[in-house]
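After this come two complexes, each holding chain A, first together with chain B and then together with chain C.
What follows is the complex of A and B.
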């Protein structure tokens, strides 16, 4: 029973981090067709931000102050990365350069972390005490990650429905050519999308830092699992991401408890292949009309 | 043009010779000189070249992103090591099992490739590359985990003559073989199909083959070569550990192709040499910075020289060498000898039958709330030109898509040449003898002009029906083989696409705005061509066209669509006075 609670609670908490990565994928993908391979390492950088700026005995006030700072900092970082990524796309010949440039950025971040911090995972202390849930002690960061995922989901929903920029971004998602034809400033909107994705992963990394693996090679784990969460939910759908993340998280946590931690990613991979073979459009995605 | 230089720079033959020389020299020179360190280094480098050559094929020819080739490489190496040390399997059987293991992993990539492509597969393969070393550790009791497996193979490392070992010969043979196989694949039908499927899956379907299968074939071929290299890794290194096959190995292979120049035969050799030799040999003290190096070099190449090192050199060569330019003219399709005419027109046992070639009954197709086709009925008679006109958004292209099977009708029935094609996949429908062109011509700039035609010719087996076409084209074959269509003006690209459809020997041609962008003179020629297709070659043509003059001049019957509904149908002179038609087009003669 205890085991089941631990698997569920931590699986959902970890899954919320995957949901956040998935939502950060979605906003960039919807506006540009780009999937940012560096998103996982950006999440780890959010954790590093907490590692460097939170003291040994952090206070809640300081934590609350640093959370928006992390979001803003990585919004700026991602906007910069977005600018670099979009550069080669100006010449219309090469439309898949982003696969390479974002992967290259991801490799560079991982390598820099390796050189600066070594191969070991870093640990971050939370200002919040653990809480008891159904009889097991649970780190608060799991709950905060879940809250953050819900918060970003609501914020993005509001943004897409109620603001002009958000509406314009939704238009990009539906038909890039048409959006360009009606005079939307496509490049600028795409940069905004990158910035928002940065705010999402930056804040997610900061909040989840106490329960996350902050190391040179964990970025790839988060990017892959985040992508799997996005695909299961239906690429582009934030509601799908909210469901897909915990699914992947709980499945992986179950595998880790039952067979050992080395199997966590293998289970995610099996999920990904199963979804792609059976329902490539995901749970909430709609099959797109083929354009000829 | 010589054997070595074409309008594109070095010919494939010259590149193959140059690449093979580099491979042989890089192994033979250190071996003959007796330098063990460099011999070993270049053994490894050339094995990596093999993997990169296949990665290049996968990426550039088949358009598939794989970040998992290192896992395929590792799976075959590890299998050889495991079965021969722990289970005492004989070497030949171990090799077979190793290749099978690599192929199995390749099949794992190929399976999703049947349904999805692009970045989806990028993530699948990346996760495999991530999971593979984890599983080696997870199954420590079978794999000896992080302690690895030592497996020296002295037989292969014993010198034959002057320090040249059997291993050196095997490495040379495999690397040169991979390069030659890449050239061979490009010249083969399968290679052309991969390139078409990569550039336009829709075009692949309308040319009668499944793009998913072409993609999967590419993954399996890549896995085969990569596994062979993995098998040789065992005697080259003599030791296996999970850390040798981390995800960074896969990323190294991918970046090698990018840095060298994707799609260039010599790209993988140059890329592996630079990315492996520079950090691992020349900057040996900075080996910790190797990963940063990979990332920075790949990023810089992508931003500054997107064609890679070899590609950029070729481009500058090409600008200097490009002198003459090929052209595509209507008359080549019209120079049909009378005998061929007779045969092609009359050998069709169904010719002259009364039933329509195409029959469409009550077809509906909606996109969301918008009904693109709203209960359309249409009969197209044999050996006629049937015009399909109507304002933008009236459903003309949707109707063509439904006919060619690219879009499935929600309701209704379609019958082509007596076969019910309502639920048939597009490639099946194409093999029945239906060819189509697109509003934006699907011309493949990575293939030579000649290959652009050949990709159509491979569709149906019967060679007799179009021997005339290749006779007519004999005089331009040499020039077309050497030139890519990116130098052709727009109108000729359209003609090239029509030519390709004619080369498929299809007897139903679905043409989507073939005259758009053509000059008045070109339109006149095109009208002649359409009549020729009907009268001399016995084709049935469905023509979607905005140029009403052209349609009224050549069509035998005309169907007018508006908002997914047929508003008029009949012979051109009969419906020219129709009030509905006039209302649609008055004031918009070019609509």
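What follows is the complex of A and C.
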């Protein structure tokens, strides 16, 4: 029983990282129909930010100061990526060059990390002591990632419900053409969406750095599991992302514990297939009609 | 008609000259050495070591006149730690680059995937892979500098039984091809020695959190854990996860667990508090041994060649790649300059014991193409070093 509690806590913590990646997918997808496959390596870049700017023995004060800086920096980076991605698209719903450009950005980031840092994974020390749970030491980064996921979820809910820009972005999600027709500045709103997704994923990488593998090729794990979490929860639904992430994290860890490590990734893919077959819109998504 | 006869006669007279000129040209032409190395992907850390070693070896060989008087031209192929990429890179090396010799790969699943092509092209190779499946039947012209999985497994279990007096053992490994054969070998050896198998678990390369796997193994309450790994990062992640669980079980690691630099970075200075590992006897010492000057020279060369990367290099592993190039050099020169697979393989099967460089006492034969056998292995403390890379033997 103790082991199951430990797995549950760690699975939720790891799943919170997937939730954050899923939320960053959602906000861009809702505004432009684009799935930004560079999010995994952007998360790794957030970890790199922590590696370079946190000292060997980091203090809580410095960590707190750098967290919003990470969010702002990667908001700017993703806004730039968004500009490049959206540039060739007149209507991003109808064209698919974003698939190539987002993957290209991911590959470029990986190559730059490899050239600049070499192949070895980098380690970041947390300023927070591990917390004790049933005789084990659990990294506080897991708890912080869960808090960050809840925080971003609440912030996004407030943003979409209570601000004009947020409401306008919600309008894009409902009908892009109608939003354009009523005079909304679609391209600008889409860039804001990219920027917000950068803030989410940059802060996530910074917070989760002590429990992440920070290397040139580790982004793929996070983007795949973040995407699975987004689809299981319902693409476009942040409530779904909040639930989908821990579902993927816990299921994977439980499968490794009970059946063997070889099943850890397979079970999240099996979950994805099961959800797509039984409820294609995801657990919290809504089925929509589409004009063809 | 007279003109035609004159032309035919001239051609006949010129043919031998043309033939010997082209031979002379070929003999003077560089020897193309392909190197299949994982510069990216999950195996990139060991790939960096492979690249440094092979480039250093080629530089040194060319500085001393090349192989059989021919300069060596190196062509590196990054197989991204993926078998499918390995096959396409092997195709490029064989059909486009037309390499004469090959070193690598290191990951057994990639080596097994590319061997059919190398066999067909009769290209001799020395890899750094350890799967039991790499038999002379599978790779008639391929040899390995890595102690194979079975040899390592025997040494690990022997230490568990003889030194740790273990009655039960658990196994954890990565999901590579060599590890899969190693797990089978470990299970067989444990059964043969009457040790109870308490559990078997597997992790993905670079998996940061291995607590689910370790929680599962802890249920079986093993006396020791046998860790079969290919790099120091995974070693660090495993011991860090065990420390977080408060599980102080003795760990006996494979050769990959001796790559201590990355392990220390991940798990801290106590990473090897309770971990010993298999190493080559040639890279071990007892405190009473005299300094190993030959190895010191090699260490100095590596440091001068790549000072920015030196600190993180597993030097014993580096020497395997380095010597892989020199083994091929010895074989080509031993055959009088021939680079075809059958000639090189026949020479190595008969003469590998005469090889002298960083590693010596090689033991390939017609029945095994593993150049390093069980007798060349020992168990060491990976955190006690001398001359930069020699590790202290257990039981000095």
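Here, the second predicted complex is superposed on the first by the 279 of 292 C-alpha atoms of A that agree within 3 Å, B and C clash if a C-alpha of one lies under 4 Å from a C-alpha of the other, contacts with A are read in each partner's own complex, and residues count from 1 in each chain.
In this text, a residue touches a chain if its C-beta (ideal position, glycine included) is under 8 Å from a C-beta of that chain, and two chains touch if they have at least 3 such contacts.
Just so we're clear, the structure is a prediction, and the values are computed from it rather than from any experiment.
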Determine, for the superposed arrangement built on chain A, whether chain B and chain C clash or fit. clash
Let me test your reading of the model: by the given contact rule, A:10 touches which partner, first (chain B), second (chain C), both or neither? second
Pick one for A:260: touches chain B only (first), chain C only (second), both, or neither. both
Report for A:114: first if it touches chain B alone, second if chain C alone, otherwise both or neither. both
Going by the contact rule set out at the top, does A:211 touch chain B (first), chain C (second), both, or neither? second
Applying the document's definition of touch, where does A:139 land relative to chain B and chain C: first, second, both, or neither? second
Check the residue A:272 against both partner chains and state whether it touches chain B (first), chain C (second), both, or neither. first
Going by the contact rule set out at the top, does A:123 touch chain B (first), chain C (second), both, or neither? second
Could you let me know whether more residues of chain A are touched by chain B or by chain C? B
After lining up the shared chain so the two structures overlap, which partner does A:162 touch, if you call chain B first and chain C second: first, second, both or neither? neither
Of the stretches 94-102, 238-246 or 346-354 listed for chain C, the one clashing with chain B is residues 94-102
Taking the stated contact definition, name every residue in chain A that is touched by chain B in one complex and by chain C in the other, in rising order. 110, 114, 260, 262, 265
Help me check something: in the complex, which residues belonging to chain A touch chain B? 35, 37, 84, 87-88, 93-94, 96-97, 99-101, 103-108, 110-112, 114-115, 220-221, 224, 227-228, 231, 259-260, 262-263, 265-266, 268-269, 272-273, 276-277, 280, 289-290, 292
Touching residues of chain B toward chain A in the complex: what are they? 65, 67, 108, 111-112, 115-116, 118-120, 122-124, 126-128, 130-131, 134-135, 137-138, 202, 247-248, 251, 254-255, 258, 288-289, 291-292, 294-296, 298-299, 302-303, 306, 367, 397, 401, 406-407, 438
For a test of understanding, state which residues of chain C touch chain A in their complex under the given definition. 39-42, 44-45, 47-48, 175, 200-204, 206-213, 215-216, 219, 233, 243-246, 262, 265-266, 309, 312
Chain C-facing residues of chain A, complex: 3, 6-7, 10, 14, 110, 114, 118-121, 123, 130, 135-139, 211-213, 215-218, 253-254, 256-258, 260-262, 264-265
